């Protein structure tokens, strides 16, 4: 006990010496996305309005997950607000680890949040995290290359068309790849993409008894299709490409098509970052001809308050500010409508100025076309489109996607990878007691 | 080396050594150069070596996003504090091992080293819980303790090997002259061991500075050092080579400069008793 | 010379270091052992009771276990081999008379000062990126197809990055050892007509043996637990999942603390097997 007290005293000294500014400040853990970084720039205005100081802990996505998960499961209390996604929110909410976002002000207009986002961030009808921005996925393509190939992109293409167009646009001598897609290991990277691709071929992760389904023909078809198409028209080394790598390739004009998060639309059409800003068209994510599900996901980066924080009221105040209509207008006034955080509010899509933004309508259509409660052709026991909202999923899907990435890198065959995926998933589900 | 060497031979040596040295240093040089380019020039094909428009823009963007000085200060405190504390605890231990050895001295020494083999990720959960209970999360004090404990075996061992090279007769002579134990350590032993202590300090400062698991996982705001600073730059959206380079340069520059200025001490002392 | 008095003083002076390290070892170890016998799933309500050796059995019987042990040994072995061999060559080179020796030495030891995270990031993005990386440019310049380093040659890439970080350390220690070599002995051998290779084999190498064991011992301790380099570059994909990384996946990604703790115990056992093996050699050398 003496040691404990001595340590406590020493800590108290250190804390007293260093953290006098901590009295009225919120600690917010967040991800280093463009929209989040931008928000940090505007926090001064929040502090001015409310007198509440804000301290940011900005981390790369994987590090952030590791950090906030450790803290929430051990009730470490390091953060007053955490940036989490649609996967974590319902699970943590169900465990009672998050403060329910009820009693928000009338001004905030919680009913304005897009229904798809609100559902995805709720558990049993209670909202646990407020979406800062939301996304689905869609096809972004180069209008000039499409025209040169003599093809026309339909509003809702099929995988067959995508593959044909990709092959036609590919010009390896000039460093143009017909299609760029995520192959990077990780459940939120390549794992998410191959899962929605699976959905659009009629595959699913689990049957209604939680049995892994990688031994089913739909998975084999989906994975083989993906691998073959990327071999024909994809960039070299796509097995390590994630969102950032593909964004960079597309901005440099090295991709004919890119199927990825709808938020990317504002980056690829921004002339200061993108060399192809004025030549980008949009379409819904594809499906296999005849399959009634498209390869589009649903995701939101949202702000949540861990239960047990000392500054619940202040934290709520911040969340209301950051995810409000007023914040959207603030960004629009300073950076233009194309740069506001998208996909969170209905009213944004009713704003005339925003409707004029080229990708606005397709983004909304993609979001509306995603149904997390009904993600696959065959019935499933889970919620979530590109993920399965159970705690074990992140671990399983990361390992499964590593096996798939090994296929993309040419290190094993589709059959080997699927057999391993089946074994890993079965093993882990057993360990979890299903 | 007293051998006569022809100028020719020396020239060849020089050429090869410089070529190898530059090759090894090149990744760092390239990072520093890239940090002064624009994002477009950073990925230009073919790569531009020197003929680009030098800009400080990346540094100002990085600074705007994160307050560099705060992270730097935490790094200095954590690395410095843990090294200092480690030395204070290790000097007496190394002294007694070197000058009053017993049968078990070597076993103790090897056991100390073996505590370094505990894989950090395996004990993250227990340590995190412990830190919560002791109220040490995100405190510099807690990190100073952890990093000190991680490096303590290395410190003890290095000091032990230096002390062993000091002839025992000198100490005995001092004792005959009536020096107390404290005086013996302070006025006789320490001055003789200064090069060894200096290089021990340097090496452990570097190791502590670069420790990237605990410093990242046990901190949030108040105690976050440069390893946490760099964790927010690993993959921002879009083109980021230049910004990544700027952040990397900022993270490694202080220790690089320190290392360069003190490389003589480091080289002289870094023997781990390998030389007798 | 050691009186009873100085013995007890010595014990007293060793006490702080020993007690602290004992605590640092025992507290986490006890807690790890405790968790390893529990079904402990933080996301499913935490402590779900005792399960005996179930976690241990599950961890070893997992298809990922043996490949992980193998990957660990390959990385440690590969890096040791490269750093020791290149370190000896480099140390001998730096020992030669030349102009600007100090500057060259600075250049060579610089990588040691770079944080593992930073060096992994720099290598991954600016050198090994198959499109914009410098190595890709170099390959293209010679008309070759750029390699996607981290997927096609994942193990080689990681060994390369880690070796780059540790080569300076090995070089420094070996250089200090070479400098202490009696030059008269070498000259005598030279006059006796011993070939350079012979001199290296019979005089230099035996002289370095102690330094080499030290390099191997210290580096092994650090290499067994490398994490940042893998986390940043491949995330454990493409056969680079080491035992440390597998434990990380169990604890943090799968959120199975019990299973991960059992893995931690295995890692400690593996580390100690390696350690005993090493200590045997070093222990002998320490007596010399």
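The first chain written gets the first letter, and so on, giving A, B and C; residue counts start at 1 in each chain.
One rule holds for everything that comes next: a contact is a pair of C-beta atoms (placed from the backbone, for glycine too) under 8 Å apart; a residue touches a chain by one contact, two chains touch by 3 or more.
Every value quoted in this text rests on a predicted model; they were computed, and no experiment measured them.
*Asks:* If I average the CA coordinates per chain, which chain comes out farthest from chain B?
*Replies:* Of all chains, A has its centre farthest from that of chain B.
*Asks:* Which pairing of chains accounts for the highest number of C-beta contacts?
*Replies:* B-C
*Asks:* Mind checking the centre-to-centre distance between chain A and chain C? Centres are C-alpha means, answer in whole Å.
*Replies:* It comes to 36 Å between the two C-alpha centres.
*Asks:* Just curious, how far off is chain C from chain B if you go by their C-alpha centres, in Å?
*Replies:* 16
*Asks:* Which chain C residues sit where two or more other chains touch them?
*Replies:* Residues 132, 252 of chain C touch two or more partner chains.
*Asks:* Show the residues in chain B shared as contacts by 2 or more other chains, in ascending order.
*Replies:* Expected reply: 43, 124-125, 129, 231, 233-234.
*Asks:* Show the residues in chain A shared as contacts by 2 or more other chains, in ascending order.
*Replies:* Residues 66, 70, 74, 248 of chain A touch two or more partner chains.
*Asks:* Enumerate the contact residues on chain B facing chain A in the complex.
*Replies:* Residues of chain B touching chain A: 43, 64-66, 124-125, 128-129, 131-132, 134-142, 216-217, 220-222, 224, 228, 231-240.
*Asks:* Write out the stretch or stretches of chain A touching chain B in their complex.
*Replies:* Listed in rising order, the residues are 4, 7-8, 10-11, 13-15, 18-19, 22, 27, 29, 32-34, 37, 40-41, 55-61, 63, 66-67, 70, 74-79, 242-244, 247-248, 251-252, 267, 273.
*Asks:* Quick check: in the complex, which residue numbers of chain C touch chain A?
*Replies:* It comes out as residues 39, 41-46, 58, 62-64, 129-132, 145-146, 148, 150-152, 231, 234-239, 241, 249-250, 252-256, 259.
*Asks:* Give the list of chain A residues in touch with chain C in this complex.
*Replies:* 62, 66, 69-70, 73-74, 91, 95, 184-186, 235-237, 239-240, 245, 248-249, 254, 391-392, 394-396, 398-399, 401-402, 405-406, 408-411, 420, 423-424, 427-428, 431-433
*Asks:* In their complex, what parts of chain B are in touch with chain C?
*Replies:* Interface residues on chain B, with respect to chain C: 1-3, 5, 10, 13-14, 16-18, 20-22, 24-25, 27-28, 30-31, 34, 43, 45-47, 89-90, 92-93, 95-97, 99-100, 102, 106, 108, 110, 112-127, 129-130, 149, 152-154, 156, 168, 172, 181, 206, 209-210, 212-213, 226-227, 230-231, 233-234, 241, 244-245, 248, 251-252, 255-256, 259-260, 263, 266-268, 270-276.
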